[in-house]
Amino acid sequence: MATDAVAISIRAVSHAFGEPGGPRYVRALLDTSLDIARGELLCLIGPSGCGKSTLLNIIGGLLPPATGTVQIGQTPVRGPLPREVSFVFQENALFPWCTVAENVTLGMVFQGVPKAEHAMRARKSLEAVGLAEFAQHYPSELSGGMRQRAALARALSLETGILLMDEPFGALDEQTRMILGEDLSVLLARTEKTIVFVTHSLGEAVFLADRVAVFSARPGTIKKMIAINEPHPRKPEFVTSDKFHSLRNELYTLLHDEIRKAVSQSAIAGTEAKA
Amino acid sequence: MRQRNHDQSVRALLLRHPAYARLGIILVLLLCWEIAARWWIDPMFLSPPSRVLGSLTDVVETAGVPAAIGITFFELAVAFVLSVIFGLGIGLAIGLQRFVHRSFMPIVLLLYGTPQITILPLFILYFGIGPPSKIAFGVTHGMFPIIVTVIAGVQNIKPILMTAARSMGANKWQIFRWVILPHMVPSFFAGMRLGMTGVLLGVLLAELYVSSAGIGYFTTIFTQSFDPTKLLGLISILAAMAIVLNELVRRAEVHYGRWRAE
Amino acid sequence: MSARGRSMRNRLLSRAVQIAFLLGLILLWYLATTQWGVSQLLLPNPVAVYHELMNVLSSGEFVPDLKVTLSELAIAFGISSVSGIAFGYLISRSHYLIRVFEPLLAGIYSIPIILFLPLYVLFLGLGPSSKIALGATISFFPIVLNTIAGFGYVDAIFIIAARSMGASDYQMFRYVLVPAALPVILTGLRVGFTVALLSILGSETIASLAGLGHRIVQLAEGMESARMFAYITFAVAIAAILNTAVSTLENRARRR
């Protein structure tokens, strides 16, 4: 890949938690290298504890890697880069004392967006996620799916080149996930963002991604990269196509043993597996 | 037939609105008080509510009583404001820094748990029998709940909220101003409600103790001269003042704790 | 330094700060009375206070006052706990009664009931009965409110499950309601105890002829500062012992 077509370059990144030799020492991520192209949507999928969320946090500068480097464009990552990278977390990270609109605006305050642009950007991003009518509502008044839309609007309003999403639909029910997944695909087709998306769901990975990085069980490393050659936006019909089924089956075969291994790991160690 | 319908509708009314039943109970109790005070109990010891109500003006016109009540109200107000200022300041100072919290929280809890009533005579000794001692005693009672709840409000923030703010580029001041402070507001108002209760207790205890001036002077006089009418009148006025102040703070808490509806 | 070593160092450091703070206060106290000329009447020498305290303890002088205070406490708490639990249980039997009485009781509790002390003194005199009556009145409320909360808000699923298994009313009470309500009621009893102690000490301070609170006032008026400080220390210690004992009892019973 030509250098300016690479949005994120990850070299030999590894990470561990706890003291080496101590009782809670866990090697989460092992020697991972990867280039993420500008404008592509990459999914990280793997069993619990394989390090995919850890890798995401490292990419975003929230966690320093034990070894290796990450570069965003030409800049090495040494801390949060709010102008380059925005996040959508699995847990509800909306500020409960702010309305939806205030949440979106506050993100821009933090990033340093000039005040004159706040109103317009907020309106644009809320309309993009379909929450324009709920701008004055508090998060406690919204459903789980709407809250994640609001979180996405907040991230979008920051107009960063890169969007990192850590199991954003993990806490939602199947039906909501389906709708949000379709809407997300439509939305992302319009932007030129580079997106890294962590998920547990095989169907979600195949439906949304350009490429899927399949992780092994802990200590995690990329087992295989799978390319999904299907234009954006993905149509609902794609889900019932043979191509979708064969890709999903391929993921299943790759992951099944790793998942079994991860489950037995957590049973033996008795410790909470860190994704 | 109509009688039964009437009974039924009264029952239905009472069932749907417990407030009416409560009012009914209060009225029944007042009635018992009235009857007991008029016909059973020596008027030296208890006075019926009708007479108490009727002679409220007498109480208020007794020389020095309005001034004493006014000064008490002033003491309550000043003590409350000072409690809030000290409570907020100390609470933030302890809550924001983990090391300070670990060092001083046990001391705060120790002080909070001691029976401050035992040192009331000391307060009077040091600050005299005027307003300063009452205010000081009120502040020591009202300050601690606010300190404790402010600390809790600062410490209980979900870590994901701090992470999200950091990921969006917020600096330390922005995190304090836009994340920690708003998160702490409902706890702060709950603390103020408890603080008002403490201030009321502290100031009134001090007032009752000092029998040579202020409210304490009049309660002593009315007690020693076996004048339950005036005593009840005075107590009712003070109780009403306490209710109003409590209600004000409670309303403020409900209004500002709105986002807590999760 | 490793993370674990760092956190242990921090814990030791904060413990050191605490001790330094407390020692510093005592040092200030000592200096104030010996070097800086603060009047002994206002702030007695800590050494003198210590001697007075030992004196009081060894001579047993504290016994009559302590007896008065503790007996007032015991009787007041006895009355309030029995009546509080009884009333609380009766009210909790019906949701309607709960909706009627709970706000009423909570509302009364929010007033500083200590205001009524002069009335009780007028009615019952300066002796122990007025303290007992006031103590019982004030501590009644947290007990009754917690009992209502405990019995009244037992998770419906437990009651449904027990009924479905054929539990009789008595069995329901003994094996479902009481164990479910117990933790909340015990908390109410602890709060009631603490409040009773505070109100008794308070009413002894304001209007009494005997008891620990009264003794402290007496010494204040007699300008016997060192002895007064000794009694204050003693009273605080007694309160701390009693409260800790009650808290421990509550925790142990709850852990069952």
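A few points about this structure:
Going in written order, the chains are labelled A, B and C, and every chain counts its residues from 1.
Criterion: a residue touches a chain if its C-beta (ideal position, glycine included) is under 8 Å from a C-beta of that chain, and two chains touch if they have at least 3 such contacts.
This one's a predicted model, so the numbers in the text were calculated from it and none came from an experiment.
Chain B has its Cα centroid nearest to the centroid of all protein Cα atoms in the structure. Of all the chains, the one whose CA centre sits at the greatest distance from that of chain C is A. Here A-B and B-C are compared, and the pair linked by more C-beta contacts is B-C. Taking the mean of the C-alpha atoms as each chain's centre, chain A and chain B sit 50 Å apart.
In whole angstrom, the spacing between the mean C-alpha positions of chain B and chain C is 18.
Across the complex, chain C meets chain B through its residues 10-11, 13-15, 17-18, 21-22, 42, 96, 99-101, 103-104, 110-112, 114-119, 121-123, 197-198, 201-202, 205-207, 212-213, 216-217, 220-221, 228, 232, 235-236, 239-240, 243. Those residues of chain B that touch chain C in the complex are listed here as 15, 18, 21-22, 25-26, 45-46, 99, 102-104, 106-107, 113-115, 117-122, 124-126, 197, 200-201, 204-205, 208-209, 219-220, 222-223, 226, 228, 231-232, 235, 238-239, 242-243, 246. The residues of chain A lying in touch with chain B in their complex are 60, 62, 80, 82-83, 85-87, 89, 91-93, 95-98, 106-107, 109-112, 138-141, 158. Listing the residues of chain B that touch chain A in their complex gives 158, 160-161, 163-170, 174, 178-179, 182-183, 185, 258-262.
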